[in-house]
Amino acid sequence: MSQKSLQYEKKEYVKTRTMPGSWYLSSYKYKYNFSHFKPFFEKLKEKKLVGLQCSSCNEVSFPPKLVCGRCLIKPDRWVDIRETAQVATFSITYEKNPQTGETEEKPVVAIRHDGADTMFLGVIDPSTNFHDVYVGMPLKVKWVENPQGNINDIDYYEVINDKAKNMEIRKE
Amino acid sequence: MEKVGIVGYFYVKMKPELDYGRYDLVFETVRGALDSAGLKKKDLTTVISCTNDYYDGRTISNAFCVEPGGAYLVDESKVEMDGPHAVLYALMRILSGNHKLALVWAGSTPSCFPYDSTQLYATDPTWERPTELLNQMVSGGLQMKAYMNKYGIKVEDIAKVAVKNHKNAAKNELANPEAQLPNISINDVLKSDIMSDPVTELMYAQPCDGMAALLLAPEKQALKITENPVWIKGVGWNQETYYLGDRNLHESKAMELASKMAFKSAGITAKDVDVAELFEHFAHEELIFSEAIGFAEKGKGSKLNSEINGDLPINPSGGAIGGNAPCATGLIRMIEAVKQLQGKAQGYQVKDAKIAVASGQVGFCAQNSILYVLEKGGN
Amino acid sequence: MSEKLIIANKGMVRAEFSFWVGRYMDKFYDALEKKKLIGNKCPKCGDVFVPPRKICGKCNVKIALEEEKNWINLPDTGTLKNFTTTFYKVNERGTRKVKKPQIIGLVNIDRSNTAFLNKILNMEPEEVKIGMKLKIDWSEKTKGDPSDINGFVKA
Amino acid sequence: MGRQTCVISAGFSEHASKRSDVSMPEMVSEAIEDCLKKVPGLELKDIDAFVNGNMPAFEGANIPELWMTDWLGARNKPLLRVTTGGTTGGSVAIAGYYTVAAGLPGVDTVLAVAFEQQSQGDTSVGLASVALGEMTAISSLGLPIEKLRRLVSAGAAIGIASYQATNYMRKSKITEEDLARVVVQNRRNAAKNWYTHLKMPNLTIQDVLDTPYISFPLRYGMVCPASDGACAMLFTTEEKAKEWADIPVYVNGVASVANQTAIVGYNAAGAGQLDPSEQLGSQLSADLAFKQAGISFPRKEIDYAEVYAPFPNQELMWVEKLGLFEMNTATAMYKAGVTAVNGELPINSSGGVNSTNAIGASAMERPAEAALQIMGKAGNQVKKAVHTSLGHGWGGIINLITMMVMADEPQRKFR
């Protein structure tokens, strides 16, 4: 790989002193209401997925949302969500590993479950080559053996055979 | 100035620590305001929020509040000052004719952030911040001393204001429970712990959790929504210089200029005012403000009878001493003034209030002040 | 509804900042490092600022950095304009209450027209009087930052 | 109700990666000086009110406008502070417009100022703090910290931009070369503009493609810099504008429609923006602003556009979403030179955000440049006469948008 940054016409400025300052975010607390997550967690224990539906606009959020922004009410209807999903969008990040100093490629995949109207970040099957990931790629939930009732119960998403793949010309 | 009406309002009961998540709190407040006017989300055309990135501990603090704050697919913006400044922006949006119903929400939760440190972050970082000397308490101490020395005011006169506000707060069920002290005496105020001499703890508006929301609509729409709206007749806002050493701390230049502007646009004088709700960070600030607005002559603020049944009731709701939720405090003052004009202030109602003023402030010793003139509408 | 599930977490990080002081303050700190106090003067109204500023807020006039006549050497003595005694210490992390109060004064350096905040040292709160003469207590090792001034002591 | 509002001037400070010679207020006063210089006869005392804003968490100073009152020239004047993150500049400009348009007595001339001195702060922590609360909340639900780190890198602006790039590239079938072409145009334009940061007069497409990936499909050479800088805009009423300016620029439409937050969803839940390149908020903002400005065919009526595009794929995306080109044709337009300085519809002749990005100020520099192009005073003035132009801003968690449509003649509002 060649140079990282490109050369440009620089102007030098006088360097003056600096005064230090810090912002201690460790003195802050962040409060969240997760009451609406309870039934979702309960169902995860049974290896079932549920989403929260707004009774006014019928939008299904998965994972559940506290407020429906469109109607400004709290959604209160639980609906079943299928285990199959699609890649909504993805990217690859390049991070430096602090131990080895090497740049590592990491996939970041946003997933939308069939039956849900929202997406969230998920982990794709580590054995697949993530360079092959494309928008609309079909996925299926791979559960852990003993669900504990938290987000980690979904181990990762495995890739399922895409029947439309060969027909889809604009895969890339 | 054309008439703009306040058609709905809501604020959450202030507490030292509220049992809400952040978005929960925003949602409850905004929903409450809409419900108070019997409106729906789709009626909103613009939303102005008022929070502070350093109070929320995050940058772009309004970005995540789009949905609970009712701003989804609505013309949205954020003012990072006091609540009334956000109302000012909403007011300007309505006056321009582009918008028909504006929502303003403001508030923060000091139980989750170091309030005094955030004030330290606001000092001049090239000279004052490294010394870690200046903060709200110190600025209040200097201001009170300057005021007392200039006019020869006794500390009891200032404690009297704190007593009045704590007693009034006891009648206001939405005030901070820690500030609701019905049996407090002047001696209690003077005996409480010294914060920054001569300011004692009970003269200081302790930060607490709270959030408030307000709905504004132009005249025609306001009359459709409610029978007794409250009209915004005038507004003035102003900022004086920053360094305490450059300023005369015994007076409030910013409030003086702001009130001049507000009264001019409303076409009234200070004498016409029936009730005032002022954001006083300290007990003495109420006196300084009432002199700056022109309720009393310079140095005579403590002579004014400002009890609920007095000549000019000031802060019948308990004022900021009765509950100071940063960003929301000024907005709550406006809401309380609206309640007085609508006759809805149960327990602390001022008789026959027709015109009220409400103020907000930002900065050390109220560097930026804003004043509203509100008028009773309908029957 | 079932009972609420509220989660409160602490932020884990700290953001570091370094504020450029600009050339006016840089010159001031250079002098401070040599235990000297300098200020600059508005060419229009003649007000003297310490620490120096680029713009006189009263006249909205730019005070040129390069012109030597705008810069003034000042004594390290001054008059106490106002003071307060505080039991609270606030830093960037939070607030704590202390037993021994700190006296913070607003001191007007002689021949200047502004006042700045600093500590008043070696005095009991009862001794301090507005209008008294004070002088700077320099720190032994100067670094060219605000800590070069330990505070003010009786002149 | 309401009144006609005009821009009569705009000014900038010099932008660089480190403005180490000035403190924050001194940098701001440079921009104000440049702004007032362009209007002979107007002094600071003629200004009735101020509006300002920045992105405070990037600079470590809370409500800094209190401290810089004197440097702004705002002593004993009304002042309002508006901040909305990445769109701060645009929001400040819009607030400046509304302050005049409201017609409050005694408030006629308003100076709007936006600034950012990023070299003072820690941009990565600043950006992470956007969603820090969300991160800690998710972690307490049981997600391990190593997964979270990936979330953080996705939460930053670059991560979101690469999502957009992925989706956009798939839909419009463009290549990385097309992205690089946009970069080259911007940086070469920047070389002709006096205040910009990345001046690269001899940049080629191959130079850009030779740099490594920062986040697929974006490369280091395509990404915006972090700059220090300030921008000021002067708004006034129609009557006063005619007195002071040769060509008063009428602000005919403004909008700032917010969409749902994306990616790291609100309250750690799913996000409703399924396709980050769809940008419903910007489409609605454009509709609203064009409606106010009486523009029915933006493609024909807009002569010049400044869009907020830190990354090249966004520039292509925005010009389509804002209705300046047909969907999926922007690349061809860049190839054909339609968007160049001497083209039919020049875009980002100033060099754009891709070359100069002082975050808080960037979104104001867009309408400021668009206004200056109408006045004929821009740093890199386009060849054709500009009658109608637009300035656009983007920020938040890809959900906040600002739009300002300007013209040399007023759109009268009949009410």
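Chains: A, B, C and D, in written order; residue numbering restarts at 1 for each.
Assume a residue touches a chain if its C-beta (ideal position, glycine included) is under 8 Å from a C-beta of that chain, and two chains touch if they have at least 3 such contacts.
Keep in mind it's a predicted model, so treat the numbers as computed, not measured.
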item	value
B-D compared against A-D, more contacting pairs	B-D
Chain centre separation in whole Å, for chain D relative to chain B (CA means)	33
Euclidean distance of C-alpha centroids - chain B vs chain C, Å	30
Distance from the mean Cα position of chain C to that of chain A, given in whole angstrom	48
Residues within chain C bordering two or more other chains	4, 6-23, 25, 57, 92-94, 145-146
Residues of chain D whose C-beta touches two or more other chains	19-23, 57, 60-61, 69-70, 75, 120, 125-126, 129, 132-133, 136-137, 141, 260, 266-267
Contacts with two or more other chains, residues of chain B listed in rising order	20-23, 54, 57, 66-68, 72-73, 112, 114, 117, 119, 121, 125-127, 129-130, 241
Category of the chain touch graph - line, ring, star, complete, other	complete
Complex contacts: residues of chain B adjacent to chain C	19-21, 57, 112, 114-117, 119-121, 125-135, 137-138, 141-142, 145-146, 149, 193-199, 241, 243-246, 249
Interfacial residue positions of chain C with respect to chain A in the complex	1-23, 25-26, 29, 92-94, 144-146
Chain B contact footprint on chain C (complex, rising order)	4, 6-8, 11, 17, 19-22, 25, 51, 57, 81-95, 101, 104, 106, 108, 114-119, 125, 130, 145-147
Residue numbers on chain A that touch chain D, as the complex places them	1-11, 13-16, 18, 21-23, 25, 30, 32-34, 37, 59, 61-67, 69, 88-95, 106, 108, 110, 112, 116-121, 123, 134-135, 148, 150-152, 170, 172
Chain A contact footprint on chain D (complex, rising order)	14, 16, 18-23, 57, 60-61, 120, 125, 129, 132-133, 136-138, 141-144, 147, 149-151, 153-154, 159, 162-163, 165-167, 170, 173, 187, 191, 197-201, 203, 207-208, 210-216, 220-221, 260, 263-272, 274-276
